[in-house]
Amino acid sequence: MTASDSVTTNRADPPAIADSALESGPGGTARPVLMKGNEAMAEAAIAAGCDAYFGYPITPQAELLEVMAKRMPELGRVFVQAESELGAINMGLGAAATGARVLVSSSSPGISLMAEGMSYLAGSELPLVLINVMRGGPGLGSIGPSQSDYFQATKGHGHGDYRVPVLAPSTIAEAVALLADAFEIAERYRTPVMLLPDGVIGQAMEPVLPTWRTPPRIKNDWELTGAAGRAPRVVRSLHLRPEDLEAHNTRLQAKYATIAEREVRWATESLDDAEILVVAYGTAARVARTAIERARRAGLAVGLLRPITLWPFPTAALAAIAPRMRAVVVVELSAGQMIEDVRLAVEGRAPVFFHGRTGGMIPMPGEVLRAIARAWAMTTVRPDHRVEDSGLAADTFAEEIVRAGDVVRAAAEPDPLSLIELATWAEVEGPIPTPELIEDPLDLVLAGHPEMRR
Amino acid sequence: MTIATATDRTDARIEPRGPEFEFMPLEIAVDRCKGCGLCVDVCPKHVLELDSTLVNPLGYHPVRLTDAAACTSCALCARICPDAVYTVFARPKGGMR
Amino acid sequence: MTSVAETRRIVYRPPQLLADHATHYCPGCGHGIVHRLIAELLEEMDLADRTIGVASVGCSVFAYDYLAVDFVESPHGRAPAVATGVRRARPDAFVFTYQGDGDLAAIGTAEIVHAAARGENISVIFVNNGIYGMTGGQMAPTTLLGQRTTSSPGGREASLMGYPIPIAEMLAILPGVAYAARGTIADPGWIGKTKAMLRRSFEVQIAGAGLSIVEILSTCPVGWGMTPAESMAHVTRDVVGTYPPGVIVDRLKAAADAAAVAATDAPPAPVAGSAGGS
Amino acid sequence: MQQSTIFGGFGGQGLLFAGHVLAQAAVIEGKDVSWMPSYGPEMRGGTASCTVIVSDEPIGSPIVDAADAVVALNPPSMAKFENLLVPGGILVLNASLIEAEPRRTDIQIVPVACSAIARAAGDDRLVSVAALGALIAQRPIVTAAAIRQALADLIGHRPALLAADIVAFDRGAADAALLAATPVPRASTNGRGIADSTV
């Protein structure tokens, strides 16, 4: 193998990047280290004190398994490549029951197989961190990056009344930080926690400041060690008497309420004068950020709300921000999943638009910019908006675009809207790449507008 | 006097019936007995039977020892009992018969 | 005065690890016998303090209510995976799974085969009564040909429903399986032999030799529509025809025997300094 | 200042590594960077690509719909990525394998016989590093010194390989420097760029 096959070479024989990074503790002055997302998450888990890892090969998270396969035995810790994702999550359950700090990782189809285990973990109140490096579905789908597991992650993978905190990083560095947080949340609340990067974050390389964190261990009275000197303990999810199960569920729900109150996280950018709010997480938020920069260069006041916890969802924050927005634009690598939580939070106080790509496709910044421009054109500034309407360029196209939109909706003709958009693009963005590169499926772009949905 | 009843496994119904029967080879936790009768079948001396005069808290006719003197403390009953109702004692040498 | 109780010598007492309240099992159910054997061995071998049991799904899920050791409850069929996690995270623990035939031989075949292939150092106690008892007596993978169940009302027919799975023999061919045996609780003699098999399984784990499995032919009087006594007779008369009891493989013993043979047949010890390669 | 580069070619041409070197060099220079591969089965022999964005500011989208530079190591990747170049962007093409002329006239075209350089340096898979040399010679996204340091960081534990990589990199840079810079047309005044140039 030669240098030209870089990634593999470096995995097989790493130039001590990870080790040197590990040696610098929190607050160290080590320079940023370029790391692949999957490798960075593995190193972060190791640094966080992960005692046991269980996994099964699947793209695009395989490097995570590979790094753990090498590093965990070196450290005298547990690594098992399971026979299936069912095996992996249940090995995780067993190890977690002994009080071990456990990481399991997979990608979308594998997570579906782990749904059972997640339900049992939640019911048994066992801490465990599960990473889903999301790829396209349904079914075998594609290996491309996707966010189409939002429903699965936030609305419950398996059966029963339970919630799982879901942390969604948008950069590799954030994935590293959130992984330590995930262990901490898992142990504090005795709950499985999901880290939900997409394939981009798993496969990309970015600089990571090696400020690893090891969450402190919490003493507990439930882990199984053998009953020497104490009464036997049972880790279980079965409560056959309805009264018992209801009491158990009531307690779980109280726990979830506490988590929802204390652990909700989000980030906002450029909100002060924003008239349009983009809501996006993970890689979609990265793309949206670039689109927002371009929009601002064109004079459109656009801000970003980036949920970091998908459950608990930053409902209150969004509900507070939305009323002063002329529109909310949701961007996802999916056909529209998080948008349901956005709508629930916005509660009709602003029109909600959507732009998404599926199947492993990633929306380009230009697409998102057009979605923003369209939302801008279809709406007017809110009376309670803080800043004066600055007479922005795209407004001149508003009427035309809305009319064009109606035409498209009625006739589904070849896209006259995109012609107008090209002009808009030229106005706000300068040169256009090439017409044939403009991929703008109207069904995706227009689906979100309340008017269009009637 | 009565047989010491240290645990609730003890069958308090088994009363000594006189000096010659003072030794009781079995304690039967009748509250746990489900009356399956497996012990009755395996007893080589045929000294166990389900007590049709009694219903225990589980709703079963529990087993009882019909002839303590005939019992050899072989413990086959204990070995096959799915509900662990038996404690078996050896006959003391040269003592009570 | 000295009480009679104090003067009596105990021949048998129920193990203290076994709960002294009634089980939920039906009258005559073999689970109670197997539970008791486990409790006896954990006490006799002084293992209770470091035991972590893995309960599976089926009638025996409540094993943790009756055996006073640490327990984790597993999803259906996944007990060997859960036990793998326990074993790896707690290398000093004594780990056993307690699984029925629906759990191990149907939904959990992948988990048991791969735990066996890995040679996970666990004891698998596989209680085979050829039926899904908890859900109402449906056909299991281990149901005998011709046997009537609520889901094979005309009797199990090979052309439609396949053949019974001889799990212990299947697993025994895997090199990761240190010990595989099949016992039964159908009569007192076999109960003793089965206890010896379980003891060997526990010894094999303590020796770190790999996975051991004891398949125990058991009964389901209610599911089979028989009295407890008829059920026992059915096992000794019919079930053992399909599933012959006995030790199928003991690789720990085989290795020890081979070593002993090698030791007696060995040529004179090599001169000092050439002791490599053992 | 943000510079996006797309490397495209066959799997096995080392383009992921070349992108990695560029990314590592950017880290050495204290910049933000993202390296995003096309991943999956195509890595094992088909057409592969990776996008490297180097920026003084935190990077938003790790993928781009308009690239500042394209390194095309085989004909399909030129066909695929040429159109993504911004006007005035740079196209480094592997003249050893690519016979077709680029269609674009509003970009800088740097044809270098990268495969020949690689073969001369001792390993066909050095083709990407040779192309990287050509790119950096014409567009100093990072300094050549940073590239050398990056190579040392990544493969310094294999000195012979490192030496071969540096030979290929330097030769690619030298060959590119010899080329007269292709005239770069001004971006059209109506902002339509290629649209005009290709109509």
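As written, the chains take the letters A, B, C and D, and residue 1 is the first residue of each chain.
Note that contacts are C-beta pairs under 8 Å (C-beta built on N, C-alpha and C of every residue); 3 or more make two chains touch, one makes a residue touch a chain.
From a predicted model like this one, the values you see are computed outputs, not experimental measurements.
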Groups of chains joined by contact, in the absence of subunit A: B, C | D
| item | value |
| --- | --- |
| Contact-richer chain pair [B-C vs A-D] | A-D |
| Centre-most chain [mean C-alpha coordinates] | A |
| Cα-centroid distance, subunit B relative to subunit D, in whole angstrom | 90 |
| Approximate Å spacing (C-alpha centroids) for the pair subunit B, subunit C | 29 |
| Between subunit D and subunit A, distance of the C-alpha-averaged centres to the nearest whole Å | 31 |
| CA centroid of subunit A to CA centroid of subunit B, Å | 66 |
| Touching two or more other chains - residue numbers and ranges from subunit B | none |
| In subunit D, residues with contacts to at least two other chains | none |
| Residue numbers on subunit A that touch subunit D, as the complex places them | 2-7, 9-10, 13, 15, 17, 31-34, 59-60, 143-144, 199-200, 203-207, 283, 286-291, 293, 362, 364-367, 426, 430-437 |
| Of all residues in subunit A, those that touch subunit C in their complex | 51-52, 54, 78, 80, 82-84, 86-88, 90-100, 102, 116-117, 120, 124, 224-229, 231-238 |
| Of subunit C, residues touching subunit B in the complex | 3-15, 18, 20-23, 25-33, 36, 185, 187-188, 191-192, 221, 227-229, 232 |
| Subunit D to subunit A touching residues, read off their complex | 12-14, 16-21, 23-24, 27, 30, 32-37, 39-41, 59-66, 83-84, 86-87, 123, 125-129, 151, 153-158, 161-162, 164-165, 187-188, 190-195, 198 |
| Contact set on subunit B toward subunit C in their complex | 1, 3-4, 6-9, 22-24, 29, 31-32, 34-38, 41-42, 58, 60, 73, 75-76, 78-90, 92, 95-96 |
